[in-house]
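Read from first to last, the chains carry the letters A, B, C and D; within each, the first residue is number 1.
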């Protein structure tokens, strides 16, 4: 079994109008090589499910600036001013979800659960149009599953079967997004033979992954570089 | 932070009539030291949530034989003949759940989700008394969360903060049960200092665990020893 | 035909349904046997619902590990590329449609694809284990079983009489006599096993079978 | 009082609510400052909802790692005993009631414990991030904020006017003027910060405050 593919082959799996799930938190742990290739390809009218919308000049920001995105399903889009302008201009629709609800909706999509109840957002604008139901004296909202046509995720290493491990907080939404699309592409920093990743440590089992790609270049931009002083206590 | 405790202290946290979540699949990965201590203590009228009911003379079988169990919530109890007799005699109630539904109900209990929908069991005896609902043309059952007063889990190693790693398929239900009780005790084969388990590899974060105990003795009974011949292909 | 040779015939035919790269769950009994007949050059990853993707051979004597078992509680080994996960993740894989084929036994199957394989009223109920999740969630469910029960009665019915495991979940039925597929039109006789005639299959089957002559014989 | 000294006063008082062994989530801004004032001998594990339990110090210059950030997207480090997990697991921790205290800022809080901190109608909405999950799921929610807005208006109201982040979710409010607790009877004035009188707090507060004299002064 060898799921190692090319970035060109990955691009052929995503069509205009597709729903694309993407890993990443801010620009940490984003599939940056796949995003750059998607920008070059110019695939349009995308609905992107991702916690954030990138920043100007990086991540999903590239696709937004290039006019490829029709709708964002996210929890926080505050870092991207270009998106703000496009929302005001009516060019992009934004659906905001509480972060935990977003994560759980995608997990549900990957786990065969069409809907679930959560206490998050009861009595807030998030509850509008949603069923509210009381369990054991507390109100909950019904939230429905999210699935994608394609998922782009970033992992640290993959084996050729498609098993994935991540690195620190670059894990974030990636393992969740990898479960919930019809075609899942993982870009990684290193590809090893099957058996070279410890079976105990694999975070995403290969069953979820359709194609593995070695990223050509990792910029790994830092959004907020904060340092402590050598003498100070810091956080 | 040091959550290392004694088995005696753990026993004081479980009262007659408690709901007890237990890890294990068959007798693989069961908290055998905690079970033996619970048998000695004689705590009665327990509702036990566990995929299986142990075998005669091991695991939950010990508690069943000792008359400590009022109800089992499980998916498969076929290995325990004593339980069968007690069910027929009306001494023990059994609630059978599909295995995936059982796992997801406990996960939901630990994740703050009071109910969810699943395709499993639609049109079967499992659906009796449950709400059926159609999403996108398919019927689903609503299943509710399970929580316990106490959870007993078995891990391979713990650090003193209560972070846990497991060993092979002895992982099974343990990480799930560890999320969904008011008081969670993990028994392990080895306890190390915080920082000695790789942060990437921790399966159960310490936040879920209230007490860690080093098991005194591990029998690790094998239910079905099956070997291949040196020459044969086997499974 | 001996019971052993029936079982082998069924397992061999089931294994022909596997494709390279498939993720497959094999139930206890005849389904597990299918692992021995996976075609050459076809890499199939076996799922064990207790938390393992990539079941290997049974261990050599002395190499068993109590911490490494399959869903049938048998000692097993792993393969390169195996991974371990917890029960909730294991059934997220199952329920989420990530298993290509589940092969499972049956007490009864009917022409609508309904399946009964977990309880007989009046007898002690052992539990459904993971069967209900597997048949509800897998992309394709293949039933591997003997065509008739110990009393000679057809296990393939117009309508199941026992409490169900799943409704409209079965795709294909493989027995020692035939291969049948559940279609929107009804139960189609796809192939007849070597040594049996279409007529014999029809006589041994309670369900209405759609027959499109000539019915091919299963390749050996 | 300078804004910086107000922020410090609030953060110091918030940190006194932490107990040894607590798992705590600190929001962006003043709440994050509370990490600097954790009492001696009190070990608190900080949760970052992007997938880290056990946030450490900010890194020294040159030791930043783009793969290791907190929920505010700042570079951080880990502590011994840290662990990483994915977003669904991170919010299973939050929603499941495993976080002992969440400290978060507010635009408005009211005497019923309602909280508004994510949108102002007519202004660009940045999103609620993890705030709604944190306030709905945590065992205890502490609001850390300045008592009044830039215009001098009370941020502690009889009833929130902005779109809500959560209903009846707030337990305690800590400002540079006072500490208040939401009780079934209403909003109780627990303590007055040094340099302020009960009367000053009452005048600066729109909400009805329950005052049980003598109101203690916050210990420094």
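Throughout what follows, contacts are C-beta pairs under 8 Å (C-beta built on N, C-alpha and C of every residue); 3 or more make two chains touch, one makes a residue touch a chain.
Predicted, not measured: the structure shown is a model, and the values here were computed from it.
Colleague: If you take the mean of the Cα atoms for each chain, which one ends up farthest from chain D?
Modeller: Relative to chain D, the chain with the farthest C-alpha centre is C.
Colleague: Measuring from the mean C-alpha position of chain C to the mean C-alpha position of chain D, what distance in angstrom results?
Modeller: Computed from C-alpha means, the inter-chain centre distance equals 55 Å.
Colleague: Roughly how far is chain B from chain C, centre to centre by C-alpha average, rounded to an integer in Å?
Modeller: About 28 Å separates the centre of chain B from that of chain C.
Colleague: Return the distance between the CA-based centres of chain A and chain B, expressed in whole Å.
Modeller: Averaging C-alpha atoms per chain gives centres 32 Å apart.
Colleague: Please report how many Å separate the Cα centroid of chain A from that of chain C, as a whole number.
Modeller: Inter-chain centre distance comes to 36 Å.
Colleague: Residues of chain B touching 2+ other chains?
Modeller: Residues 104, 107, 111-113, 118-119, 166-168, 199-200 of chain B each touch two or more of the other chains.
Colleague: Would you please write down the residue numbers of chain C that are in contact with two or more other chains?
Modeller: 78, 84-85, 91-92, 94-95, 136-137
Colleague: Which two-chain combinations qualify as touching?
Modeller: A-B, A-C, A-D, B-C, B-D
Colleague: Please give the residue numbers of chain A that touch chain D in the complex, ascending.
Modeller: Its residues touching chain D are 25-26, 28-29, 51, 74-79, 84, 87-88, 94, 96, 98-104, 106-107, 118-126, 166-176, 203, 220-228, 230, 233-235.
Colleague: Considering the complex alone, what residue numbers of chain D touch chain A?
Modeller: So the residues of chain D touching chain A come out as 32, 35-36, 46, 48-52, 55-61, 64-76, 78, 84-88, 90-92, 94-95, 114, 119, 124-133, 136-137, 163-167.
Colleague: Within the complex, which stretch of chain A touches chain B?
Modeller: Contacts found on chain A: 104, 108, 111-119, 133, 135-136, 138, 140, 144, 165-168, 199-201.
Colleague: In their shared complex, at which residues does chain B touch chain D?
Modeller: It is residues 1, 107, 109-113, 159-161, 163, 179-180, 193-195, 199-200, 202, 205-208 of chain B that touch chain D.
Colleague: Under the stated contact criterion, what part of chain D meets chain B in this complex?
Modeller: Chain D residues touching chain B: 20-21, 23, 43, 45, 47, 53-54, 78-85, 91-99, 136-137.
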